[in-house]
Structures are given as C-alpha cells and as structure tokens.
Amino acid sequence: MLNKNVQTFIACDSEYEDAKIVLFGAGFDGTTSFRPGTRFGPTAIRNESFGIETYSPYQNKDMTDYSYFDSGDLELPFGSTTRVVADIAMRSDQILSDGKIPFMIGGEHLVTLGQFMAVKEKYDDVYIIHFDAHADLRDDYLGQKLSHACVLRRCYELTGDDHIFQFGIRSGDREEFVFADEHTEMHKFNFEGLEETVEKLKGKNVYFTLDLDVLDPSIFPGTGTPEAGGVTFEELRKAITLVCSKLNIIGCDVNELSPQYDQSGVSTAVACKVIREMLLALS
Amino acid sequence: MLNKNVQTFIACDSEYEDAKIVLFGAGFDGTTSFRPGTRFGPTAIRNESFGIETYSPYQNKDMTDYSYFDSGDLELPFGSTTRVVADIAMRSDQILSDGKIPFMIGGEHLVTLGQFMAVKEKYDDVYIIHFDAHADLRDDYLGQKLSHACVLRRCYELTGDDHIFQFGIRSGDREEFVFADEHTEMHKFNFEGLEETVEKLKGKNVYFTLDLDVLDPSIFPGTGTPEAGGVTFEELRKAITLVCSKLNIIGCDVNELSPQYDQSGVSTAVACKVIREMLLALS
Amino acid sequence: MLNKNVQTFIACDSEYEDAKIVLFGAGFDGTTSFRPGTRFGPTAIRNESFGIETYSPYQNKDMTDYSYFDSGDLELPFGSTTRVVADIAMRSDQILSDGKIPFMIGGEHLVTLGQFMAVKEKYDDVYIIHFDAHADLRDDYLGQKLSHACVLRRCYELTGDDHIFQFGIRSGDREEFVFADEHTEMHKFNFEGLEETVEKLKGKNVYFTLDLDVLDPSIFPGTGTPEAGGVTFEELRKAITLVCSKLNIIGCDVNELSPQYDQSGVSTAVACKVIREMLLALS
Amino acid sequence: MLNKNVQTFIACDSEYEDAKIVLFGAGFDGTTSFRPGTRFGPTAIRNESFGIETYSPYQNKDMTDYSYFDSGDLELPFGSTTRVVADIAMRSDQILSDGKIPFMIGGEHLVTLGQFMAVKEKYDDVYIIHFDAHADLRDDYLGQKLSHACVLRRCYELTGDDHIFQFGIRSGDREEFVFADEHTEMHKFNFEGLEETVEKLKGKNVYFTLDLDVLDPSIFPGTGTPEAGGVTFEELRKAITLVCSKLNIIGCDVNELSPQYDQSGVSTAVACKVIREMLLALS
Amino acid sequence: MLNKNVQTFIACDSEYEDAKIVLFGAGFDGTTSFRPGTRFGPTAIRNESFGIETYSPYQNKDMTDYSYFDSGDLELPFGSTTRVVADIAMRSDQILSDGKIPFMIGGEHLVTLGQFMAVKEKYDDVYIIHFDAHADLRDDYLGQKLSHACVLRRCYELTGDDHIFQFGIRSGDREEFVFADEHTEMHKFNFEGLEETVEKLKGKNVYFTLDLDVLDPSIFPGTGTPEAGGVTFEELRKAITLVCSKLNIIGCDVNELSPQYDQSGVSTAVACKVIREMLLALS
Amino acid sequence: MLNKNVQTFIACDSEYEDAKIVLFGAGFDGTTSFRPGTRFGPTAIRNESFGIETYSPYQNKDMTDYSYFDSGDLELPFGSTTRVVADIAMRSDQILSDGKIPFMIGGEHLVTLGQFMAVKEKYDDVYIIHFDAHADLRDDYLGQKLSHACVLRRCYELTGDDHIFQFGIRSGDREEFVFADEHTEMHKFNFEGLEETVEKLKGKNVYFTLDLDVLDPSIFPGTGTPEAGGVTFEELRKAITLVCSKLNIIGCDVNELSPQYDQSGVSTAVACKVIREMLLALS
C-alpha cells in the first residue's frame, strides 16, 4: 500500500504531539497596494526548502535532532480582510493552547495582526521585536485600518507604549517617524542597539515579527516593495540568532516573500535559510 | 513653457466635452483567489497602446476621426471590496450622467458589478452580453458574495431571468452550469448563436462585458486563470465588431488582463487591439 | 490537534484502497540532451491543479464522483539512468499488483520505459498508443541506449512489430521514419486514423503514453524541444477522450512538461486539464 | 592538436566553394522605434538550430545531402544607419559576385534594403515577394527615411510599380494601405492569391523577404511588434515551400526575431525550422 | 467633468512656473552596442516612483515641501543620432532659459552630450562630475563619434583639461585610462577623493552626470553592461547627497537604467530613490 | 571568399601552437539533483564575453598581449556519467600532453573529477585549492558515487590527506564537516588563511577549482543552489589573483554557472570577468 503525499518544510516531519514549534502558512496579500504576490510565499518556501541542508555550520546544529511540525497553509477568503485576520488568530490560538510556539509564514505583513491578537490573548504582558524596512505605523491607508501599512500601529493599540522595538526601518511617511519617536523604540537603518534591547527583554514574553524586506534587495529582491540600503544576510543571521536564542520567544512570523519577483530563486532560498536558523536557535 | 505630461490610451486625447465614449481604468484584483495581477492591466494597456496603429484595416476606420477621452485610473482601496465596488459605480455614474458611454478597463471581473450597478440605475431594462471562459455564476466563493467568481450571479440578481447571454464559457463548477440552464442563456465553448442573440437584442439597451480569457491562452496567456480551448483572435474580433456595431451598447468593460504573466507583451498588445476595434465599432 | 499537510493533484484524495487509478510523479530528466526541466513537471502539476475545476463541461462529469489516489513523487538518483528506470518499474509494479491503473506523470519520456516494463511483465499482450511530436525511435543517442530519444525503440524491443501506434509525429532523423515504416504504425502530423486504430484495439490491453509536445507550442510552450505544427488542444482533448473512454487502458503516462520554460503557467494549466480529462474518461 | 571552435547554423558546415547558398547574420535594430532586440536574432538562431533535426518529414529531404555555408554575423556600427545599410550591401554583393544565393538573417526589417540594393545592382529586373504583418510602406518615420517602417517603400523606389507582392499585411497607417492600392499588389491578412502570384512570377528573378511577424503571435511571440490575427505555422510552411521551390529565388532574408521576448524559446525554434524548410526548398 | 490623466514622477506635480527643477525623459538607446533597453528607463521610473515615499528619513525632508515639474519624455527619432542629440539640447536649452535646472532621465549615456551642449552654451565655465563604471572616453566606437562609449570624450572636447572629475570607473580599454591620466581627474573603483573634489569645486558651476551602473550590479542589475565590483547603494547615496547639496549644480542627468533586465523591479526602485534623494538634496 | 564563423571567449583567438593556456567547455549537469542548467554555462560565457573589455584596470594588463586558445565545448553523452568523466579526462590529457594548461569551464562541479584524473596522471604530487559554498565531500549521494556533491571526496581519494585546501564553505551535511576536520584543510565562510596557504604551496603543483557559488548570490544568483552569506566579488577577485599569480597552477576550472536563473545576465558577466582576471593572472 502506498502512502499519502505529505509535504512539509524540510525536517518538519515530526508528530504534532512531539513538536514544540508548529509552522503554518498564511498566504494572504489582499491589502497589498503596490505589487501582490506574497500569497505564494508559504508554498514556495516549503517546496524549495529541500534545496538547503538540515545542518547549520553557523550554529553547528542539525534540524534532525529536534521536532518540528508543519501544519500546512490556511485557505483564506480573499476579499474579506476581517475574516482573514480572524482565521489566522484561530489557528495561532489552537497552537498556543496546545502549549506550542506558532511559527507563521506570510503572506503580507498584515497577517501578523491575526497571530499577535491570539498571542496577546494568552500572554498579558508581551513585547514585540520588529525587523522591517518599513515602519508600518500608519493609522490608516487609503481609509483602511486593516492594511499591511498599518499593522504595527494596530499591534501598538494592543500593547501600548514602550512595548515595540523596531529595527532596520528606512521607509515610511513623515508621520510614521514622528509617531515612532513618541510611542515605539525605533532603530533606523540597521541593528544598532539590538544587543541592549535583548538584554532589556531577557526573561520577558517576546513576539518576534520579521519582515524579510529588512534585507537589502540585492540579496532579497523577491518582495513587493524593495528598499535599497538594507542589512546584509550576515547581519540578519546574527540578529535573528541573537533574538531567538537569548529571548523567550512565544510566537513569531516571517513574511513578505513574493517569490515570483525573483526568478533566480535566491530570495526563496534566503527565506528558507532564515527559517532554518530561527528554528535551530529557538530549539 | 512646457506642458504637463498627459498620458492616454492611443488617440483618446479629445476634450471631455467632445467625447462620446469615456475610458477609465479599474485596476482591482483584491478578490482574485488564484493568481493576482489584473491591477496592472489598465496601466499596461495605456502604455503599450502606442505599439498599435490608430487605423484598422478590418473596419477601414481610423481612431483619429473620432473623439475619445481617457480619464485615467481610479485609486482603489485594496482590502475593502465594498468600497471598491462603490467607487467604480460613482465614476461610471458620472460618465453616464454626462450622457456618455463608460468604457471600463479592469482589473478582475468583479469590477463589472460596480459599473453595472450604475448602468442599471440609469437604464431600467438592460441586457448583458458576457464573453468569458468562466461562468462566474457562483453564489459565493469561500463565503464571499463579492468575488470575481460570483460577478454574473450578482448582476443576475439585478436583471432577473432571460437578460444575460453568455458565450465561450468552458469552466465552472457543476452548479454554475445547472444555474445557467435555468436562468441565463449560456452558449458553451464558442460564439455559436451570437448572430441570433444580436438579432434579438437589436434596439434594446445592452451592457457588454468582455473577460479577455474567453480567448485561447495561446494568444492570451496573460491572465490569472488561463483555460485552454478558447476562441481565436479572429473569432473574437468578429464577435466584438458585431456586438459593438449592431447593438445599442450603453456601457462596456474589458477585463482580466494580467500583463506580468506574459512577458512577451503579446497579451497586452491583444488587449489594445481589442479595445481599438471596440472603440471603432462603437463609433 | 492539527493535521499533516497532505498534497495531491486536485480531487485525488481518496484512500488507496478505494482508488482504481493511482497517480505518481517521475520527475526525471537525466538523459535530456537539449533543455532540461521536466524534473519539475510533477510538482508543478500538483500545485497548479487547484487552478482548474473538478468538473468537466466537455464530459459533464465531476472528479469528486470518483476515487483517485496520488502517491507523490519518486525520489530518483540522478546520474544513474539504469537505477531510475528500475525504481519506476517497481512503483508501477506495486500499483499493478494491487489491481489498479498506474498513471505516471513525467519527467522526460524515458520514464515510460520503466513503467512499460512493469506493464509488460503483467500483461503479455499489450499495445501502445503513442502521441508525440517526436518519433523517439533512435537505436541509440550519442551512444546511449537509455535515452528519451530511444524510448519507443526500447518499448518496441519488448512488443515486437505491429504493436505500436504513433500519432502526431513531426520530427526525427531520417532513419527513425524509415524504421517506423517497417515496424510501427506511424500517423504523421495529426490524429488521422485514430478512430480506426481505436476500433482495431477495442478489448485489447492498451498502454497509452502521451508526450505533451504533440500539442502545438502555441498552447504548450513549456517543453524542452518545442516543435511547431502540432495539434490543437481541442484535437488532443477529443483524441484522449476517445482513447481513454473506449479502450481498455491498463496503464498510462503524461510527460515532457518543463514548467519553467513557460512563465505564464499556461503549459502547466494545460497539462492539468489534460490529466483531468483523462482521469474522467478512464472512470 | 585541437581545432578552432567553428559555429554554424545546423548542417551549414560545407566549404564556401561548395555552397550554393550562403547565410549571414545582420543583427541590426537601430531604427526600431518600439521594442528593440532583433540584434540578438542571428546568434540565437545559430545556437538553437541544434535543437531541430536536419531532416524534414514535410519535404522528405535532409540538409546533410546539400551544401550550405554560414559566414557568421556582420559587426555593424550602431548609431550610423547609413553605414549599416552599406555594410550589408557589401556582404551581399560579395556572395552574389561568387554566384551564390545570399540568405540573410536579421535583424530588423531595414536590413532588407542593404541586401536588396546589392541584388538590384546585379539583376536588372527583379520582383519582390514580401510576407509581413506590417505594410512597411511609410515614406518616412519620425522624419527618417531609413527606417524599418519604410523599408518596402525604399525598395519600391528601386523597383517601381507592379514589382512588389505583399501577403499577410494586417497593420499600418491609412496612407500605407492607400499607397499599396496604387503601387504594390497587397494581399491582406493571409496568403490568398499566392498560388496565382507564383504562377505569374515563374522564371523571373525573385527576391523573397520574410518578416516572421507575419505569423500569429501565438506561435511567434518573440518579436518587437506582435500583431494578433496572423497566419499559422502550417500556412507559412506551405507558403515558403511553394515560393522557394517553384521560383527562381536570387536572394532572401528572414527577419524580426527578437528572442528575448519569448523566454520559452519557441519563437527561435520556429525561426530555425522556417529557415530549414526554406534551405531545403531552395536546394 | 473628468480630468485629463496627468502622469509625473511622484510629487513632481507643481506648475511649471513654480518649479526650480524640471524633469524630462530622454529614452534613447540607439548607439547601444551590447544590450539595448535604456529607452524604457524614463517611463519605468515614472510609473514605479509611486512605490517609494516622498519623505526621506536620510535627509529628513519631504518632496511635498518643494516644487518640481515633470515635462514628460521626448519623442526621439531612432536611426538619426545627430537629430536625437539636437532635440535633447533644445529641451534643455528651454529649461535653462527659463532659469530652471534641467534634470534629465536617460536613456543611454550619450544623451548627456545633448544636455551638456545646452549647459555649456549658457555657462561658459562649467565643471563635470561623472559617476560611472565605464570611462566613456573612447575617441570613436566602431567608427562612430556619437556613441555612449565616447560621451565624456565629446564633453571633454567642450570643456578642455582639468574640468572633468570621474569616480567609480572600473572598465574601459587601455587607451581610455591613458587618456584619463592626462586629461581628466579619474578616481578608479570608488568615491575616494570626492570630498576634496567637492571642496575644490565649491561656488563653481557644476554639471552632474550619473551613470547608474556605477552601482554594483548586485543592487542594480538592470543595465546594459553590468560591471561587478561597483559601489554600494549607501556609498552612492552619500556621494550624491554631498554633490547635490554642497555644489552649485546647474544641470544633471541620471541614466542607463534598462528596466527589462531586472524583472524584480529592484533596479527601477533604486533609480527612483536615487532621483528622490537628488531632488531633495538640490532643494 | 568568406571565412568560417569561429567563436571564442574574447581574445582567445591565437593559434593552438602559440597558446600556453587552452580553454574548453564541459557543459554537463547530469547528476545535478536540485536545479539543472550548468550545461548552458560554457556557451553563455563565450557569447557574453564580448560584453567585457580585454583590459583589466585591476592588474593593468591586456589579454591582447597574450596567447590563449579556445577549443570549444565537448559534446557529452547525457545519461552516462562514467563516459562523461572519461571524455573530459581525455580532452584534458591531450592539452596537458601538449605542455599547456587546461582551463575548463563547467558544467556542474563533477566535471572537475575528469580533469583532475588527467592532471593526477601527469603530475604525481599535486595539491588542490577549492573555492566553493559547498563542501562536496559526501561519500555518495542517493547511492551515486559520481555526483557533484561527492566530487572533492573522489578527488581526495586520489590525493590523500593534507592535499586539499577548501575556502568559503558554508553548506553541507554534518558528516562532510566532520570529514573535513580530519582529511582536508577547510576554511569556512571566507578566505581567511588563504595567504598562508599560498605561502605554503609556493613552487608546488597546484590544481585550482573554482565553484562560482562561493560568491554571494546577490552578485551571482545564476547557479543551481544559491547559498546566502558568500564572499563579495572584490574578495573573490583578490583571492583568484593571488592564487593564479603566485602559484604554479597546472590546471584549473570554473564551474556552476547556470545562466538561465539570472535573466539580468549579471552572473554570466561576473563569470566572464572572473575568467579574464584568472587568465591575466596566469600569464
């Protein structure tokens, strides 16, 4: 008898019960105003993950020594942003209820809101570390409150002042930077100050949201709104290893890969390696 | 003193007052479930229209002998489908109020609903001719009523039985075909029966909606859901000329070009030529 | 508890026991001399199959009314052609042993040899219907006997004269056409004579091998060696429906999709629809 | 001792002295107003020609039975149209002087002027058969007389009335069609009337210029200005076989392949097969 | 009444009278010998500029606080290089006559000659700062004096010794480097020495010509002749800010974007951001 | 009389007798498990080499001052890995026998084995310098011993301990890194230690194998398995200049360019420049 065709991110093939970390994809890009395509991110990452190794020479760790579960992608109702956010929150909530860490793969950055709502429901006091090229602090975008360009603003409304730490930001309208001055801790352009932030947040509940466009588009062109002047892969690799190995991460997401804008496949391969390094550092 | 940079579809550069036909773009693809990109349709068509001639050897007519106005593209709030449909309806309504024919360029097929609502508001008794590969008659799609896959169903709710004539349909779920048997006049696969339909609708108010994926993907690959087995360009050209020259078209749209899926530019060039032939036949 | 991420060709999600037809992918292109890439065929087809409907308006049948099983893709050892052919034969043999029809998705055309060896093992007297642009009758290719360009010659060595019926052939070296004159029944360029062939083979065991490049490259550009002058989708659709519904097909394959050569996705969509029509006609 | 790396169109590897037909490439696109790229045509055709066979099942002839010479590509001074035309004329003149047929591969259509000037120099009375989507009869284009859009008009100035026979024309400005009515024999849209033309020109000196965009862009998307509504490959194949086998062709060219607009490689493969069929029909 | 469709570079929508800086596009690539496509640069930049913000976090300035005018693209007669240069000179001359700074967007680098001729006509003593990967100092290229490869040599003939300062140069033939040793001040590979140059030129009239291929192709692959080993975006950003904010720039250009060679859109986005930073630094 | 069309890497057009270095292409990718395409490397490099200059401003040397011979590409029998390796060994052996340095352009990395077998046959004591992202030290891959993933392991079996020096390695399975600890001298991630290695190997016979994926994929995306975190072009340029100018290189290869994965052409241009710098440093 032949088996069913199970497909997972590489080495994320344990049983659900055994896994401490549970992946799922939220391939939504319905509020993307400029160039869509992050909906294809989760599938591309899963398929291409077999091009990388399970072993990391950076951390000298191997994924096969740990247990991860990949629960596949949500089927999301394009056209109804509210329901999309709710569907994501429900999936994250289930994983959290089972005492596991939800590891979401976007999708546009708005998907973070759904998962963070579930996280905030479970953990009262939670801090956010946010790597991104964009501030994402608009109050609304073309009149919409539920937009990728507003996602950290919506999260801010849940956390209040002094709970959001932003790194790598190099694009936004003037008002977003003014808002950040007052309400978040924004580190522009790079990761300066990250070590101090990590020191400060040790032992606290931390949600980590990684917009891959924090990377320079030379190494990550596959994204909707590429912003020159970003961090290098090596800088990001060190930063995510620091965050994921030193802090109490209770949930995280990696988003904004639009694989079709990079026909070389490099962006997808970068995303896979970033996820591998995060999974290993979290273990 | 230098002039501002006005950009229009080729030869659509008359004054608004002089034009009988007014173009506008509705680059929305927010409910597209499979492969997005029709948002880029209107701009691509406008830019590439300068690759075709204003003269048609088929009709022996030249666009420079007539007056057309291109009012540019709507800026649509992705993430709020309801507001998008409303914005479209307002633009169409303004053009209709000025006694002109609105000629909308999509965007996904849902945009038709906005314009048809305005048309139906003005004209009590109006018939729809619908060329498409897909039936678009679902009652809902993943729970959404406002979806490209439901657009003709929503129009049907405005017109009632015996007012919708569909041609070229070759894809849909079983229920859509059952629904069509009872409520619309569906001609599967090609344009058989079109001449009789035109004969029947002569003198009546007719709205014409053209989903370009009615074409075979060999000549029109640049679309989100290509369906082999479509009509040839020559068959479509004859059909649109017939419809636009013989009937009292009070509004129309051309939609579902996703230019980025056809890097040869052929699909966009085809869309431009289709629009030229329609504009000339309507004049 | 969350489920594992099972991925199948659309609607091929029954239990193994219930299925009469079992799909599997053989993504091998190791002997491809010109342009490789058919290794990506099976995955592309499975992923993109969700862009088509389960219902066929041509046959008025729906896949959800039948049981199909998708057993995923073989992992094949590139670099050792002999072992690849053996691995395929083993998978086909298992499916045949369970009394089911193996439906293989290539891969280059050489994969047919592996499956046909298993078929020939089980069924003593078996005929081959072969749709292709290329004769594939070379005795060797650059000294290699196990080559896509020789696959029908190798099959011929198993069947002997008068057992192979070729249609659509429009490319090959002179010797292949001479060989065909003596040993196979070759119908050049199109499907003329197919009805007679079907009549003749009724009730016999028939293996059906479909090289998708029999299609004209206008509708199927995504293949390694495109040959202008092929059949239309409509011609192929009728031909496969005829073969699969009228004959006793005991195994079949569909091969030579190289999805990366057609960035519009049309070729993959065509392959999906061809497979749907075959699955429905076989049921 | 190792040999130098000689590269030719497939099977065009005879000695110069033995060849009756001499190929050369004129990869010029300097007057192309819309989308450039035909400069890459000759190299692409030479490289990809090894993807086709030397044997034609249509004509039952094999290139290996004849002698052809490929003299490589001219290095043309972009920026000076006059010198480009002169350089082409010199190459053609040399081939003609040696009693051979020059077979030029473009490049944009203007290259025809250079070769036709040499032909007209040698043969006083010469007729032109012209397959194209475009009339190419403009007197000037943006003030330039030496433009791809004017090339047949320039040739006309050399031949006078009743010497140019145009087929497949489906695009141009109104004046070009008016001009054709008076000065050339234009067959719009397809090859109707070609047999009569061939009959009429038997025994005369005929120059044959083939703009590949006469083909429908479904099968030949790789060109700067694709025009839907063209002829099929099969129609073109029959037409070129007729022209090249029945008439006294004293020079010819095949132009307007822009390989980079068709990443599937189909357009280049089509060009190669067209050239093979012409070479065989001329032999 | 609906408005005409005015399209500009983002935030360059003031009235002509109010603007100190006037943009225009010169999409010419007629002397490009290797890979054409810079003709598409201006349109791509204008369309994609809406993907960037008007606010610069680097300079803490917002384009909406200043007045810029975009006068659209010149329609240039391909095939006649002399006339192209003259047409450009006329447009620049008009802008200069109105007391404004012409900001030209190429096109290949030859377009600089047209504008610099107009600049030199108005300002007797003018210096050139030139960022580029290529020396562009050839006396002729394949016999042509008006070539992108000769443009700085032609400018040199207008300025004489000691007026041209080149930075980032890393490609050319040996003679160009010898020429630079004697007649220009060339800084190879990077921006070393730029601060001293800026110091030296303070208060003088300076023309600034920026060939974007000075950037490393990792961040700017969309150009005809990519040269590895270039400067980073951050290095260029600082350099252009220095030049444009400290010197008396009386005209400038940004050229050599070939958008179609970078399907990710990164190169075009980079060009847009470079232009924004220059416009802000000039204000 | 016209000449045959000889095509070489730029400036590699001397007579065989005069050349000290002889290039040839080995476009094999038959064991590539992930993404094929290096078979297209040699042809792409040869065609695109005319986009670079013969002069290097880095070394202040010009290729036209030296003699190189390009002997074209081997025609390799895909499907039989053993014969491919043997064919390569024979070509290398012939060049070595004539007292010249074989400079092979791959192809996948397995091609190195063929050439190194010939080198080892001639030179008893030979050391290997290996630049790569991947360790390539597997004992077998999916059961195959002759695989790109095993090539250095096979070479190791010929050289024994302490003869292989690896740089830039950043990917592999755990066992490969363990193996390297015991049997090779592996420098992970970059070129640290290269100067010491060069010092140590001075005067010895050294074979140099360069897998271009040692470069960061930002500058070299055109490869089958891109690995973020690689060296910059400038780092590689210095390293190859050091190796090729200071050591007694008796053979070398450059491999793993897959040009079709980088449609910008940057990767191919990088490969060309790397080869130019190596050829100049070896002279």
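Things worth noting here:
Order as written gives the chain letters A, B, C, D, E and F; numbering starts at 1 within each chain.
The rule is simple: a contact is a pair of C-beta atoms (placed from the backbone, for glycine too) under 8 Å apart; a residue touches a chain by one contact, two chains touch by 3 or more.
What you see is a predicted model, and the numbers here were worked out from it, not measured in a lab.
Although chain B and chain C share one sequence, what matters here is the overlap of their interface residues, and that overlap falls short of half of the numbers used. Seen from the C-alpha centroid of chain A, the farthest chain centroid is that of D. Averaged Cα coordinates give chain A a centre that lies 41 Å from the centre of chain C. The mean-CA centres of chain C and chain E are about 55 angstrom from one another, to the nearest whole unit. Residue numbers of chain A whose C-beta contacts span two or more other chains: 216, 218-219, 262-263. Here the touching chains pair up as A-B, A-C, A-E, A-F, B-C, B-D, B-E, C-D, C-F, D-E, D-F, E-F. Residues 29-33, 36-37, 39, 75-81, 83, 141-144, 146-147 of chain D touch chain E in their complex. Interface of chain E with chain F (complex): residues 34-35, 169-174, 177, 188-189, 216-219, 221-222, 225-229, 261-263. Only residues 1-8, 16-17, 22, 24, 43, 46-47, 69-73, 94-95, 98, 263 of chain B touch chain E when the two sit together in their complex.
Taken together, the chain C residues at the contact with chain B in this complex read 50-55, 57-58, 62, 216, 218-219, 233-234, 237, 262-266, 269-270, 273.
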